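Heads up, there are several structures right after this.
What follows is a pair of complexes built around subunit A, which joins subunit B in one and subunit C in the other.
What follows is the complex of A and B.
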C-alpha cells in the first residue's frame, strides 16, 4: 500500500497548468529599465495629475534607498530590475464604448479563461474588471452599479474622474515607504481597480478583478483600492493567471482596503499565476502587499485566499483593527508543488477595544516545495478585551517537501486572550485504511481527505469562486480523484 | 591569586581587553584551548554582541546591558570570607554533592578535582583541561555554536573556569550533584563561566543548578554549558534561577544527545533582572527523548526570554517543550522555541507549548513558537496562549467560599504545577513547590537561601 500511495502522491504533483497559453495581442510597451524617466513616462502615458507623479517619484526615490528583504523562508534568485518592462498595454484605439470595440483576440482570451466579459450572455451576476498586463481592459456592469452610487472602475479612470477620493485614500493603508515591493509598486504601478461603496449601500453583486499577465518580459504592478463607507457591504473577488514561459516574471501588487463604521469588506483571492514547470523553471514571482484598515467601529474585513500558483509567493494580507469592536478574518489554503515556494500568512494588529480576529491557515506541500506560514498577532496596550484565535495546519504529501510555521504573538495588556495552535502531519495510514475498509479507493481517499482538510477555508469563498477553487484543487489532485 | 579588573563597555572594549590581556588569558591554559580561544575571538570580532536586529534576540536587547561599566576578572579574586558561614542551601532533606562556583570560579581552590566512586570526575574546568586533555579536547567547543552566536564566541574567547563533570561508561551517580553559582562582590562584575558535562554510554547523572546573588551590586553573567549525553545515557538537569533584580544573566545550554539517550531539563526562574536562557538540543541518534520545561514568574521590571532550539536530526525521536509564565507589574517576557525536523528524521514526535498569564496591563509577552519541518511522516504540534485565569474556574472556587485572593493563588499555583511536577529530584520538587507558592504570594522578596537578605 505504501508504494501505491507513493504512486498516487506522485500523480498528485503532475497536475498540468491549464492557463499557460499566450494570446497574440498587439501591445504597446516602453523599453526595459527603471529610472526616474521611466516613472515620469508611465505617469505621462496615463495622463495623470501632478499629485500622482509626485507620489510616484517620492516612492521611487525611497525605493532606491531600500534593500530587498531577506527574512522570508524563500530562496529568491537575484532580480534584475533593469531587465523588466514596466509598462505594457494591449493596444487600444480610443475609449471603448461598447463590448464590440474590445479587441476580438482579447475577448477570446478572457473567454478561454472563463471570465464573463460579455455581460449580455452571462447572467452570473458578477461585475468584472479585467486587467491584462497591468492595464484594465474592460469593466462590466459599471452602469448598473453607478445607479447605486457605487464606483467600480479601473484605477486610471478613478485618477481621472475621482481624483479627490484617490488622493484621500491612496497610500493611507499601505504607505509608499511600507516595504521594498510596496515602494516599487507605488513608483511604477500601471493600473488596477478602484471601488467605492457609498454610505449605507449593500453592493448587490460580487465585484471581481481578473488579472492576466500576457506580454513577455513584463512585470505586473497593479494597485487595488477599496473604500467602504459607513454601513456598507461589498464582496470582492480577485483571480489571476499567466502564460507558461521559461523566464520568471515579477508581480508586485498592492491592495488597500478601508472599512469605515459598520462596513464590511470581504476580499477573496484565487491566485493561480503560472507556477513554473516540474523542474522549477519559469513561473511568477509574486510579491504582494495586501492590507485592510478597519477604520470605523464595528467594521469587518475578511481575507480569504486560495494560493495554488506562483513560483514564489510572498504575501501577508493583514488587518489593522483600529475601530472598537472591529473584526479581522483570514482564511487561507496554500498549495505548493514541485519547486514552488510560499511564505504567506497574515498580520492582525489589534488597536481598538474589543477587537476580534481569527486566522485559519491550511498549508499543503508536495514535491520539492516549501510552504511557510508567517503571522503576527499584536495586541497593543489600549486594545482591551482583544480576542484572537489562530490555527495553522500543514499537510505534507511527500518526503522531500517542507512545511514551516512562524507565528509571532505580542500581547501588551492583561484582558486579551490570544491562542495559537498548529499541527503538521501527513495523511494518516489509519485514515486511508478507514476509507479503504469502506470500499473507497486509496486515490479517492486522498482526495477526500485533502478536500475535507481545506473545506473550512473553501466554505468561506463566495459561491462563484468556490467552484473555481475546488476545480483548482482538483487539478492538483488529478489522477487521484478521477 | 592576582586581581585584574578591567572596565568594559561593548564589542570594541572586549576586543581591546582580549588583545591587552592575551598573555594572561593564554597562560595556564593548554594549547588546544587557546586555539579555540583565538578562533572564537576572530568570530566575535565579526559577529559582536547580538542586537535586536538578530531575529533570535528580537525581544531582548543585550547591547544595552553591556553598556554598563561592569568589571571583568581574568583570575579568581581573593575571597576574604568563608562562604559556608553565610551560605547554606535550604532545600531540606536534599542529599546532594555540593559544588560552589563563586563569580564564575571554582570555589574550593584547595581541592580542584574530586574523583567519585566508579571513576567519575567532578571539579574545576580549568584544572580538568590541564589534567585530562584528551577527554576535554574531544568535547570542548564541539557543541556550542560560536559561529552564529556572538555570546558563545565571547565566552569561548575568555574561557577560564567553570564546572567539569565526567561520568564513565555504565556508571550511575545516584546522588544529585548540586552546583551553586554564587555572585558576590562589592563592585559590579561581569562573569563568564564555562561548564562541560560528559556522560558516557549507559551512564546516568542528575544535576541541580542554583543561581544566587549574595551582594547588592549589579552583575552580568554569560555562561555556556556543553553537555554530551552518550548512547543510552540519562541526564537530568534542574535549575533554579533566583538572583536579585539588578542581575542580568545570559545562559547557553548545549545538549548533544546520542542514540537512545534521555534528557530532562527544567528551568525555574523566580527572580532576576534580565534573564535570557538559550537551550540548544541536538538529537543526534535514533530513539532520543528530550523534555525541556521552563517556568517563569516575573514581576516589577524584570525581563525573561527563553529560547529553545530543538534539532531533530535522526528518526524516531521524541521532544517535548513546555514553558509557562506568569507576568506581573511591568514585567516583560518572551518565548522563542523552534523545532527543526530534518529531511530524514521520520517518525518524529515534537510538541511545543507556551502558556502565559498576564496580571497587569503593563506586563507584556511576545511569543513565537516555530516549526520547520522537512520530513513528512511526523507528528508535530505547537501551541501558544496568552490570557488570564479561567473565569469559570474562578467562579467555581468562589462559589465554594474561597476568597478571591486565595482562589487566584490556587489557580496560578495549579498553572505552574505542570512544570514543577516534571522535576525529577523529589526533595527539590517539594522545595520548589514551596518557593513558587511563596513567590506567588509575594513573600519571596529575597533569596531565602542566604542570610545576606540582599534583595
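What follows is the complex of A and C.
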C-alpha cells in the first residue's frame, strides 16, 4: 500500500514549468552590487526628481541597519546582496509611441506567454502593463482609459507625469521602514505600475500588470501603487513568470493600495514564478509586501491570490481597515510542490468601527514542500463591532510534505467577534480510485479534487483568469499524488 | 466476455481471494452471495483494478484481453463499471463536473469529440429520470452529504450515464428503502441488453426478485463453493450458509 502511494505520488509530482524559456533580448545592465552610488545611478537612469532620490537614499540607509527577518517557517539560504544586478532594461527607446517601436523579440516573448501587447489581439476588456526585468515595456489601452480620467501607466512614467500623486501616496501604506524587503525595494525599485481611478469612475476593464524576469543574476524590484478615489471601482490583476535557471533570483516587490470613501479595489494575483526544479535547484525567492488601506468609510479592498510558483514565498497581503464600515477580504490558494516553501497569509487590522474582514486560505502541499499559513487579525480598542471570519484549510498530497497554520488574534475591543476555523485533509487513495473507476486519469482526478477544494477562492477571480488558474493548479501538481 | 481463472489476491500480505473461477457471457446476470468478509468486495475491486490489492496468481481475460494488465481508468473506458458498496465523497467537485469529465474521457477513448453542453445536460436529465434521482443531488458535490440510499442511487445513475458493458454492483441494494430498491432494480433492467452483462453482489434474495439472475454463486473464504440457478438464492435465504460450508469442508 505504501509502495503504491509512493508510485502515484511520484507520477503526479513531476510537473514541468511551461514558461522556463529565455528570450534573446539585448539588455542594458549596471554592474552587480549595492551601495549608495548604485541607488543614485538607478535614480539617475530614470531621470527622477529630487524627492525620489531622497526617498531611495533614506530607505537604503535604513535598510543597512536592518537584518533579514527570521520568524517565518522558511529555510532561506544566505543571500549575497552584492551579487545581484539591481537594474537591467531591455534595450529600446525609452518611451514608446506605438507598438511598432517594441522590439519584435520582446513582443514575441509576451506573445509566447499569452500576453499579446497588440491591443487588437488582446482579451477584450483587459488593459495590460507589461514589465520585463526592471522596466515597463508597454501599457495597452492607455488612451481609452485616459478618456475617463483613469491613469494607468508604468511607475516611472507616473514619476515624470504625475509627481504630485506619487509623492502623496508612495510609502503612505508601506513606509520605507516597514520591513527588510520593503526597505530594500524602496531603495532600488526600478519600475512597476501606477493606477489612479478618479472620483465616481468605475473602471470599465480589468487592469493588469504582467511581470517577467528575463535577464540572469538580476533582482526584480517593482512597485505598484493603486489609488481609488471616492466612489470608484477597479479590478486589478497581476501575473508573473521567469525563465528556468539554476541559480536563485530575488523578487522583492511592493504593492500599495489606497481606497477612499466608498471605493472598491479588487486585486488578484496569479503568481507563477519559476519554482525551481524537482530537486529544489533554482527558482525565484518571492519576498513581497502587499498592503491596502481602506482609508475612507465603506471602502473595500479584496485580495485574491493563486500562488503556484517561486522556490520560496514570503507574502502577506494585508488590509488596514481605517474607515468606518470598511471591508477587507483575503482569498488565497497556495500550492507548494517538490521542495517549494511558502509562508503566506494576511493581516487584517481593524481600526474603524463596524469594520469587517474575511479570510479564506486554502493551502495545498505536495512532494517535500512546506506550506504555512500565517495570519494576524487585530482589533484595536475603538474598533467597536468589528467582525472577522477566518477559514484556513490545508490539503496534503502524500506524507512527505508539511502544512502549518499560525493564526494570531489580538482583540482589544469587547464588542467584536473573531472566528477562526481550520481543517486539514488529504486526497485519499479511495477518492482517486473512485475517479479512476469512472475513467478519469489520476492527474485529472487530482486536478478535479484540487480545483473543487479551491473553488471558493477561484470563483473570486475574474472569469478569464479563473480558467487559467485552474489549469495552472493542475500543472503545478502534475507528477504528485497520495 | 469475462473469464476468471484461478484468481488469487491478497492485501497487506493476507490472502483474500484463494482461487476464483468464473465465466460471464454477454447478456447474462450473475449474482454473488456469501458471508461477510468472504471476499466479494475484494473480487469486485480486483476486477476494477484497485492497486492496493495484489494479484498473486491467475488470469482474467476481458473480451480476449488481459484485464490485469490494464490500468483502472483503461478498464473503465473499456466498459467496466463498479457500483461501490461504500461510494466515496469528493468535496467541492460537483456531480455535473465529475460526470462531464468521466463522459468525455470515455468519448476520448472512443475517438469522439467532447460532448456539447446542451447534449450533456439532456443526457443528464434523461438518466436522472431513469433512476428517479432528485435533480438537486446532481448539483451537489459528488456523494457529499448524500444519505446512504442516495449514494446507492447515484451509483446507478452514473452507470446509466456511462452505459458499461460489464457492471459490477456491490451491495447496491443495501440501504435502499423498498421503493428505491424497485426503482434501482428497474433502472438496471432497463439498461440491460444482449451485449452487456451484470454481476450483482448481494446478501438478499429480495433483490433477485427484481433483477433475475441467470446464475447464483456462493463465495466463502475466497472461493466459489457453490454455483446454481436462481433457486439457489431461495435455498440460501432459507438455510443460510452453514450447510454449504460444511459441504465444502468434507
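As a working rule, the second predicted complex is superposed on the first by the 446 of 482 C-alpha atoms of A that agree within 3 Å, B and C clash if a C-alpha of one lies under 4 Å from a C-alpha of the other, contacts with A are read in each partner's own complex, and residues count from 1 in each chain.
Here is the rule we go by: a residue touches a chain if its C-beta (ideal position, glycine included) is under 8 Å from a C-beta of that chain, and two chains touch if they have at least 3 such contacts.
Small disclaimer: the values here were computed from a predicted structure and weren't measured.
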First, second, both or neither for A:51, with subunit B first and subunit C second: neither
A:412 touches, of subunit B and subunit C: first, second, both or neither? first
Partner with the higher number of touched subunit A residues, subunit C or subunit B: B
Partner chain(s) touched by A:423 [first = subunit B, second = subunit C, both, neither]: first
Which superposed partner A:449 touches (first subunit B, second subunit C, both, neither): second
Which superposed partner A:381 touches (first subunit B, second subunit C, both, neither): first
Those residues of subunit A which subunit B touches in one complex and subunit C touches in the other: 425
Subunit B-touching residues of subunit A, taken from the complex the two chains share: 71, 73, 379, 381, 384, 394, 396-426
Touching residues (chain side subunit B, partner subunit A) in the complex: 55, 343, 346, 356, 358-388
Footprint of subunit C on subunit A - complex, ascending: 1, 4, 425, 428-431, 433-442, 444, 448-449, 451-455
Contacting residues of subunit C [partner subunit A, same complex]: 11-12, 48-52, 71-73, 75-77, 81-82, 84, 87-88, 90-94, 97-98, 101-102, 105-106, 109, 141-142, 158, 162
